[in-house]
Each structure stands twice: as C-alpha cells, then as structure tokens.
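Two complexes follow with chain A in common, the first pairing it with chain B and the second with chain C.
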Partner chain A sequence: MPSQLYQEVPLAEKERLFQLVKSDARFDSYLYGCYECGICVAACPSARFYDFSPRKITQTLAREDVELFYEQLNDDVWNCSQCFSCLRCPRQNSPGGLITIMREVAVNNGLKTTQEALAGYTRIIYKIMTTGTQVSPDMLQEDAFPDWGPQVKEVAANLELWRRALPPETLHTTGLSWDVEERTMHELYMIWKLTGVMDMITALDEGLHDIMEEIMEDALEDSGLTID
Partner chain B sequence: MSLSERVMVIGAGPAGLEAARGVADLDRQVLLVESKGQLGGTPYEHYATLTPHLRETGDVMRAMLDGINSHPLVDVRLETRVVASEGEAGHFRVTLENADGQRTEEEVGAVIVATGFSHFDPGRETQMYGYYEYDDVVTLVDAEHMMQNGRMVRPSTGEPPERVAFIQCVGSRDRQIGNTYCSKVCCGIASKQSIEIKRMLPNAKIFIFYIDMRMYGFWEDQIYWKAQEEHKVNYVRGIVTEIIKKGDKLLIKGEDTTMGRPMEVTMDLVILSVGMEPSRGTLQMGQIFGLPREPHGFLATVGEPLDTVSTPVAGVFVAGAAAGPKDIEDSVSMGGMAAAKAVGLLNRLARALV
Partner chain C sequence: MGPIELPLTRRGTKPETERSFTPDPEQAPVEDLREAIWELGREGEWIVQPVPEPYYEARTKYGRMKKIPLQKTWHHKSCGQCGHIPGYSTSIFWLNRLLHYDYFDPRDQTSCTAWNYYASATSNQAAQAAVAMRNFSSAYQTGYYPLIHCGTSFGHYKEVRHELVHDHALRRQVRDILAKLGRPFVMPEELVHYSEWMYAVRDELTARRVYDVSGLTATVHPACHYYKLQSGDAIYDPEIYGGQRTAAVTAVVQALGANVADYSTWYDCCGFGFRHILVQRDFTRSFATLRKIEVMKDEANPDVVLTHDTGCVTSLDKSQFAAQAHNRNVGVPVMSESQFAAIALGAHPYRVAQLHWHSTDYKPFLSKMGIDVESAWAEFQEDLKKLESGAMEYLTWEAVL
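For the complex of A and B:
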C-alpha cells in the first residue's frame, strides 16, 4: 500500500531525491540484499526507544519504494544514533551507512522536517563548528539540565573555580570543553569550507551559516590560511 | 521358477534414466517403460532451463538420453504402461499395454518405480487467484513454456510485462488443501525464472511474495542472492490472498509483513509457484504393486533417512519424486541408489539359489 503521507510532494521530487541517494558512490557497497533476519534491529539501540527499524530502511531502498523512501527520509533517519551496530548484517549491508547518505541528501536539499529535527541542535552545531568542542562547561545551567540535580546551580555559580581544581591545565576552561589551539580551529574552519559542510548549513539554517561564516572569515583572514 | 535377472524401470525422467543407466552399467538387462512418446520426463518436456545453473534442459540432458538410447542392455518401451503385476522379488510377471492397447507379459526380477509427480492444479487453491479466469495468471510451468519459445509476454495482450509477481507455496504448506508439505524446489525455480525474466526484460519489476524462502545449500547464493543483488528482484514476505481484475491489470491483495501493513498493488503478469503432488502414474503403480503411501500421499519408503529407495514390498524400489518432492539432484541420486539396491537384491537371490 503506497504511503499516504506527503501526498502534496510531487512524485518527481521524491524520485529525484531517491536517485541522489542511489547514485551515491557508497550506495552499492552499503546495500546488497536483505532477507529480513532482523539482526540489525536486534542490535540497534534506537530501535529499542523509537518506532525505528534499520531493516525497513534497507528494505525500502532495496525495493526502490520511492513513496516510503520519502516518508523515511523525513520521519525516520534522525532516529538513528549512527552507532553502526547494524554492521553485523550477515549480508554485509550497512543500514547505518545508508542512513548517512539519506541524511546528507536531506540536509543538502533543505528538507523542512530536517530543519525541524535539527533546530534543537543549533547551539551544538555552532559550538562544534566554531570551537571544535561540543558541550562546554558554561552550558551547564540549572534550567537547561534539571535532571542533573540541585548541585548544578552551585557548580555553575563558581564554575571557574571548580574547573581550576581539575589537574590537567587544558581543562581550565569554561567556554570550551578543553583548551583548543588556535591553529586547530583554523584548520577545522578550512575543513568545513572545503568539504562543503558550510554549504550544507546554508540549506539548513541560513542565519546560523551567516554567523559562523563571519567568525570563520575573520579568523582565517588573521591566520594567513587561504583557499585556492 | 527360475530367477529373472532383468530389472524393470517405470518412468524415464531423471530418476528413471539414471536408474536404467545404473542397472545397465552393472551388466544387467533393463526394461525401461515410459508412458510418454519420448524420454526425459517432466523436466525435459516442460522446463526451458534447469535450476540452479540456468543451462538449457536439452543441452544438459542430451548425453543422458543418448546414453540410454544407445545402451545395448536397455530395452526402451515408449508409449507403454504397466497395467498389472503378479509374483514376487526375483519373479515378477508384469503386463504392459502400448498405445494401441496391445498387451504383452514380461518377466522381471526387480522393479524401480520412477513415475514422478504432477504439478499442482491451481484451480484447487484455497485463495482466489483466478488461474482459470484471468489470462495473465499463469503457473511456473506456463512460464517455462514461454521461455522455451523465447517470448515472455502477457498472454492477454502478447506484450512484455512491466510488473511481474510470483506467488509462492501455491498448493503447498496448506492444511485446507491437504498438502502440508513443502514442495522443495519452487522457491529456487521462481528465483531462477526471475533472473531469466530480468535477462529477457531488463526494465521489468519483479516481486516474489513468499512465506519463507527455502533455498537450501548452494541455492542460497547461486540463485537467491543472485536474483536479489544482481537482478534487483524484490522479495516481499507475505502471501497474496486474492487477485482481482482492475482495468487491464491484475490487482493483488495481501499483507506486506516486512513493513507491517496491508498491500494492494497492480501487476501485469502473475506467476503461481505451483508445488508437487504424486502423479497419476505414481498412484497407479502404488495400486498395481501394492505399495503403501506415506502420510502425504507419495510412495512410502522404509528405513528413512538412511534408505531412501526401498519400499515395504520386497523387490520394488522407488526413485525420484514418486517418493515425495525432489529436486533433480535428489532424483538422480535416488535413481543410482535404486539401481544398486535392485542389482544387489538380484545378486543375493542368485546366491541363495546356488
């Protein structure tokens, strides 16, 4: 039975996105054939908590069911934790790898559902891409992490002192998880630009892109690194 | 009464041919009785190619047929039936009847029954597939006939199909029909045919609807994985319950258990994977020689799993699909074994007379 969701999206558009996934250079070595043994689902941590099945993703791509593919591209691929436990597939498929390709296509094409799915991660994307570290100590606010208990408030109040109590000097930071060398950050910025990650961010969140672009441009200008 | 050293083989399919060749190679005379007008049995008559290597049946079996036709110890009787038998091991008196109704009596010391199977008649299926209503619902056998002619088409239009569905287990694994067994070869044959259709019609979409795919041993990667990986055949777990006509297409209804939802899709051609039942000849030989049938209706053997060819009647052996669903490898293996057992029995009887 064809999917009833996303009827407003033309079949040609779904087909175009499917062809982008199928023509990816990795596709053929990620998908051989599926006999529905379910070992990928058995191994999948996400499948235990969400209505998510790496088997169904693989099966849908194998069948070239474009309607269902589009539904999964919107509603399923962000439930994967990309842990690749599914690599134990006896047919040597990589359901997680197929999802990697689908995510890239979803991001590059600025799918609305992808923007929504990733909206909550704006701060983390900003942090990682501009500093190279993810959750920094100063993000530990009482209101942001109530499940961490009442001591979070006390720690946050004297954060710098607590951090200085840690033996490695590289951890005496509050705005970064650890001290990142300037040179490392500059190389990171070069990698984002050269590999097209900045373009992906444009499709996803133009405002975020512009903020980061400005930071990176200024830093690279001072660094003397140039893109030829 | 003197011992007859001759062995009668009934049925000239792969099992009977190999049994005849085996007996003759052991230096005994063979009386090979075949009801049809040619040697080779069901595969030779009906199948374009053989599973799993997809080689043309004629090419594969020709040497076997030539070996029998030219063997001085094999007396071939085509268009001939066994209509009566009396006596016992070492001394059977059998009555043969040819196409003209002429009867002759023959003395044989042992009998190998290799009368095979018949394809399940889909008019008897419990679902509603409409084999006798819709031109574009055919069987594996009909599809082989199309492949023999080199043209894979929708019978209703004569045009090549764009979407083809195989439905597995038609007439097999069904208590309501009375066949609770698996017919063993249909999964392999459907997969083989799907590869052949993709070779003939590369743009066709092919679906195989199944309960379990039963592709034992080397068939797993030789045909199942090959069909799926190289030819992009879609295997969908779920059996179709009904086929109805929708315009000039066939609408098939079932459950897609893989995705956990009901399924309604249109097809241009539906191929029913019909299973095996004992042939009429097998049932008749069972009556004539007093051979008991096992619970599924095929001829019973004793001493399974170690003896696959001895029946409870001394001097009568069975080979091939007369004893149950068999692939061709099993059939010829049984044929060779039945030959050895039959000649061995005659040797023992001869020693006892000395």
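For the complex of A and C:
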C-alpha cells in the first residue's frame, strides 16, 4: 500500500534522499534482494517492541518505493537497536547496515524527526566528540538514570573516592572514562573536521556545533596540527 | 498474547546430536581478509603489524586458525567499561599481571566512537575508519599489539577493516588523514578481542584457581557485535556447543570448573540499543529483563550471568532494578568473565573486580564461591578511609597483587 504520510514533502525531495542512500559505498554489499522470509524479523529485538520490521526496510529499498522509504526514514530508523542480529539473513543482506546508512542521510539533511529522536542525546555527542570517551563516570547521576535504583546515587556520592580506589593508573578520572592525552583529543578533532562530521553536527544542531567548534578551534590553534 | 509453553529440557553446552560438523575453510561463505591485508602491505598501501610471538592459535567459525597474542598487548579500553564497570578492565589487567605478561595501558587512545555512531549516526565511514587507524597507529608506535576490550569496538573495527580492504578510495582518504596527523598507516595482522585472549590462556587460569567454582551455574550472553558482525572472525570450538556457537566466555568458564547452563534466548541481544540505553530505556529495560534475565531464571536459574562486552553488562545488570519493583522473576548478578575469572583466581571482589559498581545483588554469588563478603567489604572500607585521609593517594597494583 503506498504511503499516505508526508504528502506535503515533494516527491523530488524524497527521491533525492533515496539516491543519497543508494549511492553510499556500502549500499550494494548490504542489499542483494529479499526473500520476504522474515528471518530478520524473528531475530530483531526492536520488532518485538515497536511497530518496526527490518524486512519492510529491505523490501522498500529493494523495490525503490521512495514514498515508503521517506516514511521509514522519519518514523522507523531510530527504533533499530543496531544489534545486527538481522545478519542472519539468508540473502546476505544487512538490514541494520542499511538503517545505519539511512540514519546518516537523515542526520546530514537535518530531518526534523531526526532532531527530535536525538533531542536529549546531544550531551553525549558533545562528550564523545570533544574528549574521545563517551558517558564518563560523572554522567552517572540519579536524575539521568532514576530507573537504575539507589546504587547510581551511591556511585555519584562516592565517585572521586571510588575512582582513586582503582589500581590502573589511567582510570583515576571522573570527567573522562580514562585519562586521554591532550594531543590524542586534538587528533580526534582533526578527524572530525577532515571528514565532514562537523558539518553533520551543523545540520543536526547548530548550537551544539558552535560550542564544539570553539573548543576545537582554540585547542587546534596551539597544537601545530593544520587542516590544509 | 500469553506465554507459550515450549518443551524445553535443561541442558548445558553439549549439543543434542551426536553428529559432528567439521568446518572446511575452503568452503567458507565469507572471504579470509588476512591474505589481502598482507598483499596490501606488500604493495605499500599500509604497514602490517604482525601478531607478536608467542601466540596461541584458535579456531574460528569456518575452521580458519586465528593468532591470539599472549604478551605485548596494547589495551584498547572501552568507554562504558572504564566509566561505569571499571572492574571489567581492572580484572583483565590483573590477570595479565598475575600471569607475568607484559602489557601496555595507553593514554594515547580514544574510544572507537562506535557507541555514538550506532546511537546517533553523527559520523561517517571515513571518520570511523580514521579513528580506528589512529588508534592502531598509536599501538604500533609503542611496539605493543592491540587487544580490544569492547565487543562493539571489536565488531566495528572488523567492519572498518573490511571496508578499508575493499574500498581503495576510502583507504586513500584515510591514509591522507593519518599523514596529516603525522602518523604511519598501520593495519594489525589480526583483530583480537580480550575474550579471545582469555580463551587462549584458559588452562593457565585454571591452574591458578583459588576457589572451587564447581557448585556455581552461569548463563552466558554472547555479545552480538562480537560474533554477528563479520561472523567468520569469532572463536568456535568443537568442544563447546558442538562448534555451533561461539566458544568465547563459555570455554573459559567451563575450564575454570563452573557449570554453564543453556537457555532458549541465547541469540537475542541484551537490549542495549546504543541510543535506547541513554534516552529510551523503556525498551532496554523490557528487553533485557523479559527476553534475557527472566528466561535465564526460568530455564536455568543461574548464580551469575557472564558476558564479554560493556553494553551487555550494563543493560543486563542495571535493568533489573525496575523489574524487581514489578515483582518480575529477576535478581541475578551480571559481570564479565574476566571479573569472574579474576575472583576465582583470588582477586579481591572490591579492590580488583570492583563489584560495588554493579547494581544487582552479587553477595549470594560471592558467598557461594566461599568468599567472606563482609570481611572483603570491610577491607575495602579501610582502603577508602586511607584514601580519604590522604594516607594513600591511590589504590596501587602493589596493594592488590
């Protein structure tokens, strides 16, 4: 059944986004067709909890149904757990890999539904991109993880002391998962800049981009590393 | 829909069939990348870092042999482990020290950044490959060989390696980035996960066991990104599940003498979801408890759940609190097999295994192993007092080995 959603979006725009997905270097090795066997669905954790199906994603892309593709790009791709259980596919498809590509296109093109799906997540992007480690010990706070029970509160209350009670010398950190050298972080900033990741962040959240850009520019100025 | 009663029989890791299957590497459905890696090295595309000798040779899914370095390992740490379950990596280091193996714990290392990539897609192929190659380059320059702690880093790096071998435009692009950073372009001969190292040294570990673990039952959660991504490069052993599932974790736990019990949802993921664990945890909690922990409890009633990835420990452990409030059949401690092995070999449950970072009650498990939990906690409290008073700045390796 053709998708009735997103009728206000011109077909040409849906087609353009579809072509971006299809032209990704990985696309051809992630999609070989589809038997409609449903083996991927049986293995898929997200299919158990959401109205979501890796088979439908594969089918849509194989049929080049751009209307349904656009609907899935907005309403489905963020449900995937990226566990890659769907690599059980007897046709050698990677539905999860196709979803990774679709997500990249969604971020690059600043889709509103993507911004909504990643709202609340941006502090994590900030952490990983500016430090090289994700979800540092000091992010384990009761207000962020209330469902994890009183133990989280205990960790937060004793954090500095408990980190010093770790024998590995690299783990005495609270704002980082381990002690990362400054030079290492600067090289990471170079990687983000040289590969267009900073532009992706602009499309997602301009404010976040500006904050990170300032940090990276200042750091790189003194580092001796140059883009050109 | 109510639960369906399935005719399950309790079993361990022995297959129900007597038939044996011997994989033939010549018939493997996926290519062996290693020859291509050496070939690209000979063509000057990159430097290949060889696995240091002596190494252990382990069988992988399709019967190919994989070299596992024993010493001179460069520990590619994991952000989730080091941040929230630091006993995981501390135990790996402790075991290396116990075996008198030379290793290196680097500061010139970033995470693989794949947790973020699989959560938000705010990155791309080139950036992910450059992050990987920067870390490999750093390892090469120290003379130590990468040993990857995280299942996701291991799986993601295998994907990156596959892409770099096949896509010369990507390879050139990433090589140019590394040149801009002033770094050599290096691909390790093999990508090795720490649980493969544990597998390689399992007999040495068993020889040093301090506690009898034969009364303990474990269930194993094999990490998706360890064996589902680039599946040909995970360890399989005909003695374990008839070679039909990865032997990582299970072989070590069995060698140590514990009973590994099977459960029907072994192939299911842990529910981590990358994005979900951080901002949509209703999914993670439900999946981790309903599809994993409860099934394990119902079918095997284990004393402990063992796995070999950061995300899996976190989801399976932390999700139990809320489920307990709903009177679900949960309540089993979760840790890595490195923590389990370290404890069995006499490591302190708090100073080394750092179990106070875990949520679900682990005390009955420790007691069953024969450990005096209260005394161990009191000893750790003494350490904390010394740290607080300034009598001790940090807990050191000398104090724990």
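Details
Methods note: the second predicted complex is superposed on the first by the 226 of 228 C-alpha atoms of A that agree within 3 Å, B and C clash if a C-alpha of one lies under 4 Å from a C-alpha of the other, contacts with A are read in each partner's own complex, and residues count from 1 in each chain.
Here is the rule we use: a residue touches a chain if its C-beta (ideal position, glycine included) is under 8 Å from a C-beta of that chain, and two chains touch if they have at least 3 such contacts.
In this text, all values refer to a predicted model and were calculated from it rather than measured experimentally.
Which of chain B and chain C touches more residues of chain A: that partner is C. In the superposition on chain A, contact of A:Glu181 is made with chain C only, not with chain B. In the overlay built on the shared chain, the residue A:Arg63 is in contact with chain B alone; chain C does not reach it.
Applying the stated contact rule after C-alpha superposition, one finds that A:Leu87 touches chain C and leaves chain B untouched.
With both structures placed on the common chain, the touch criterion links A:Ile124 to chain C but leaves chain B unconnected. By the touch criterion defined above, A:Pro167 lies against chain C but remains apart from chain B after alignment on the C-alpha atoms of chain A. In the superposed pair of complexes, A:Glu36 makes contact with chain B only, with no contact to chain C. Annotation: chain A has no residue touching chain B in one complex and chain C in the other. Of all residues in chain C, those touching chain A in their complex are 77-84, 86, 89-90, 93-94, 105-111, 113, 115-127, 130-131, 134, 138, 155, 163, 166-167, 169-170, 177, 180-181, 183, 224-225, 228-229, 231, 267-269, 271-276, 278-279, 281, 283, 285-287, 291, 318, 321-322, 351-352, 354, 356-359, 380, 383-384, 387-388, 393-397, 399-400. Listing the residues of chain A that touch chain C in their complex gives 25-26, 29, 43, 45-46, 48-50, 78, 81-85, 87-88, 100, 103-104, 106-107, 117-118, 120-121, 124-125, 128-129, 132-137, 139-140, 145, 147-149, 151-152, 154-155, 158, 161-172, 177-181, 183-185, 187-188, 190-192, 194-197, 200-201, 204, 225-227. On the chain A side of its complex with chain B, the touching residues are 1, 32-36, 55-56, 59-60, 62-64, 68, 91. On chain B, the positions that touch chain A within their shared complex are 213, 224-225, 228-229, 232, 234-237, 256, 258-259, 261-264.
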